[in-house]
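This is the structure I want to talk about, given as structure tokens.
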């Protein structure tokens, strides 16, 4: 019986149970719950990045800026405009969607490293707007007093555990959507683009439109995560839109496993955990963290998921292959093939 | 002379070659036959240092090159025109050819002669010398790859399916050239699906199957071997 | 008018700084296939090393810069061996993250050694020159001149030696490069060494008009990426044109429009150029 | 929620601290940290006794790299895990993030080290503002350097929030007094590669006075550049930059004809502190007001705990501050009262004008009424 | 006529890669396109499939003008292709490769997948069945779980055909399907192509192996320097002096060697 259990499913179930129980486990240490909630929000954003980078193979470095736009939209609307959270949240999602769509129109004309740096510039431009358009954004002063979601009936969102579960819903949705996408035609089209644009065209994939959709969707998800972040923290500053955000998310994604269903989540949790642990090292922590990152990239290049996958007994791998497009074992944008040592 | 003894090689977990023994002499034309996936290209990669064998030994002109880098091996005079061409797609044809002479770059006059030889061999390349190699037609790329491997002025040349994608006229020409090169004293090791033409010009040959040498002999012997006739000569 | 000339001179000096920093980056792009995000941190390290050799070891200015260049060149070889060589067959995203790891490490390391504070390196060449009413310090003139000389030397080196083509070849097809006799590892190492030596020289020259701090590389980072992309990746003339035009645009926009416009100028130009020519000014074919 | 009491039971008072301790702008964070540490070491040496029980004071520091989001997480960790009921934060963004937390989410006292009065305007009841408000400097500074009615003011303070707020207030008051203000030219001192361009631009407007200031060291460089380019007028230096540090980074002559906060050594009775500090940290660097103000603020909190007979009730501690502030010694600008909103105040604050001969001319700064 | 090409032209910076070419591809037949290297055969295919936009001329498919139509739409119209250098999704399994080819014919979208609608499930089942069917058809079903890049060339070629077939084409453009295969394998590919025609798929073929072309083609079009220099049945072409001179060579023993 036991040996018929698929370790993959078992793993997913364990993670799900652990996530559900977090507020109980951390009931005495609320700050850990906050760490996990924050990690979960970043994980949601990482799922967004996963769509454009993990699936479609386009390295977008504007992701942190989209996250910031979502955060600022919720922040400014609920404070300066005194909107309720819920409508501000919807507007944040809509706003990042539009922004993502419009920037995608230009950005996706470029390719490879050009696309990466282009989006980096775009992100920086958004950052400059936030820092310099003081009358709108309060620049460096940031936005204080961002609202929690208003109560729905007896559900009180100021309760950390409630907020956590609220975030968890989106996280689960993001993970599930990734899973569904990977097993769908839409996902296959994206993965096809990642591997070879020409070949993708030849099987009828509308490369331009698919990329545009993927980019827009990734921006939407980043905006959503940003909105949650603003509400959770109550205060946001320009740093929430900075390039550092993007690199953090990228780190989560790579460490978790690019293009996988569980990668963004596991990566975010692991790195959050690592950051927490290393806090005690104070200023030495980057001396440790830097090499850890390098080692992870060298020795677990396919992320934790790739690493765990290698542990899965071969008989389950067969099933894995019938999980189409599951690119747990697929690196992004295949490098020049080479056997040179 | 190249001498391969007991070479085994694999890709990650997949074992492809199992103890291959082959000798190719200077000035001779040795042909390697074998069905698809029998390991011809893998064997060539091991010779040129692109793939490191698990065991066995490769000797070139009496020197052990089993663990040498591809760069060192080319320098010693063993050139490899690989399957899949491996041109530099965004460089011009001429730059590709000139890079072929990377290990001979000191001798400008010789390089010039070599370049002219490649152009004479494939006049279309002279016409297209400014064009990016990646935008050539398939056959033109194959010509560029052969030309590039000749540019290193080798004493032994490994050609992996040189006729692939070439028009019949050009194929004939290429075979004639191979013979010509061979006559100049350069040893040639040739993998070719066009077994008929290959055996016609070859001195000796080996037949690979599933990573093992299953037959070997002079070209004449192989041509008259019934098994070879059935499998490769369509008789 | 004097203001314009003054700002033009300032723009040129800034352009020199940008160029010196950008060319090293462009070089390594060829072998990494991706911009080296630790470049800013290496620049910072170069400045600190120059400071160390100048102030603590008491070397003359030029010797100190060269010593820093040698140390960084060596570090380049070490980095290539330890970090990038093992990653040679990995996708470029991995390189990028690895460079972020290196960046974290270097910044933290410098902080542990030299502390968090600002350091000032005295300019060994004082004084200034009056050009048509504009004041330009000698240090800035040295920067411009060195930038031009280094660029010319490098262009000459890459044209004359096979090294430039070898870098290109490796970037386009590693196996093909090996088969024509290029040693990819050797070329990578040499490229890293040259690139890092260049960045050390840039830092050593700029340090006297700037301050040393562990974060001094950050500001340069984004701008320099914008420059090499603007010019076209891997293109040396591109880095030069990009460096000077962006510097002048930055200075002029902040002079005649606003400081925010100056900050944004770089990125607005970049976006505008790429929207029209997605491969940069001198870029020919799209990168993978 | 309240500060974990488990730690204080075995006699430890944890003081939390979250600031940028690594990366580019860490020096300031480290300075403040040293000031706090020094105070704590002295307290422990003397012995701390609260409600008949002995305590050791301990500083728990976390690095937030000046990112308010991280400050939030850090503060919560300090409060809930380490059991701190007082957390020092020396940057406005982080202070605001902390204030979000202690207005309902979790309870602790913010030791806010920022001279931006805005941090008190939010009405947060558990904030104590440590340094003098910069508001009090602006008018006296203007009075010092504005020599003619329609004098022109150039604006080159740093682009951080703090610099922007300073700029705003200065513009307001400058215009009120009939002066002219040139285009805003705030640049980010941390990221600008070369000050020559921005300086040339500002000088083109022919200013009589230039508002400058950010971290001292780049400020010194900027002042030097302006002098090189021929600026003869006065500098109005915001309180983030310190004369004693500026002197180290540029030829002090360049600083003549400037107004700014007074160098710490010029205040009466600071020699011992400065000497002690330099000895303790074997530091060659100038000892500035940031260090001193935090050094002397921390004991007030401990004193308040003694009075409140509690180490973990932030409200009670805050209430006792009014009493505590009276019985604590300090270095300079030793507070003797705390305002309604939570501002530590004192008489006798001075600023300084550095005259054409390079001498400092001190003058009085009034504390604001609330 | 399934496909009608009229006056088609494509220039690359001054070079006429294809010039004023007329081709008619009758339904249910095999049309071969031959010509020297660089004659413009692959370029012609790229024009038909929409990878290049023609500089002049028209392409009509099933009576519909498809000139300049983008590839994703020509595939939808029913034109599939393979590439001269075999292209596959290298790191994916063979089955996943072919499944990707089913995308264009399925009607369910991303939302269906997210909500796991019946349409999605139906589609998934159908795609899977279709993919396995095509793999069986090309004789690569036993390789379904293998990673594509690890396969020998010949197997990769088969998979690439299955991938193209999965898009349910009416017209299949094959660019050198037999390059790099030995005579036996070439013959097998010939059989496979015949079976495709038997299924009602029209095939258009570029190939340098004359044994295959002469055996297989119903009609042959010859290109040289971008222009059509001859067209006709294999018998006509074999003896066309223009073709012999430009392409086959006088010593044309290859052409009939293995018939």
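To keep things simple, chains are lettered A, B, C, D and E as they appear, and every chain counts its residues starting from 1.
In this text, a contact is a pair of C-beta atoms (placed from the backbone, for glycine too) under 8 Å apart; a residue touches a chain by one contact, two chains touch by 3 or more.
For reference, the UniProt names are A, C = Branched-chain amino acid ABC transporter permease; B, E = ABC transporter ATP-binding protein.
In this text, all values refer to a predicted model and were calculated from it rather than measured experimentally.
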Number of steps on the shortest touching-chain route linking subunit A and subunit E: 1
Given subunit C and subunit E, the chains that contact each of them: A, B
Contacts common to subunit A and subunit D (chain labels): C
CA centroid of subunit B to CA centroid of subunit D, Å: 75
Chain centre separation (subunit C, subunit D; CA means) in Å: 36
Centre distance in Å when subunit A and subunit C are each reduced to the mean of their C-alpha atoms: 31
Where subunit B and subunit C are represented by their mean Cα positions, the distance between them in whole Å: 43
Multi-chain contact sites of subunit D, meaning residues that touch two or more partners: 21-22, 26, 159
Shared interface positions of subunit B, touching two or more other chains: 11, 50, 69-70
Residue list for subunit A, restricted to those that touch at least two other chains: 283, 285-286, 331, 334, 337, 339-340
Contact footprint of subunit D on subunit A as seen in their complex: 29-32, 34-35, 38, 131, 134, 139-142, 144-146, 158, 160, 229, 233-237, 239-240, 244, 276, 279, 282-283, 285-286
Residues of subunit C touching subunit B in the complex: 162, 165-166, 168-169, 172-173, 175-183, 186, 284-285
Contact set on subunit B toward subunit E in their complex: 11, 14, 35-37, 83-84, 124, 135-140, 142-143, 161, 164-172, 193-196, 231-234
In the complex, subunit D residues that touch subunit A: 1, 21-22, 26, 61-63, 66-69, 72-74, 76-77, 79-81, 92-93, 96-97, 99-101, 104-106, 118, 122, 159-162, 164-165
Subunit B residues within the subunit C interface of the complex: 48-50, 69-71, 74-75, 79-80, 82, 85-91, 95, 98-100, 102-103, 105, 132, 134, 148-149, 151-152
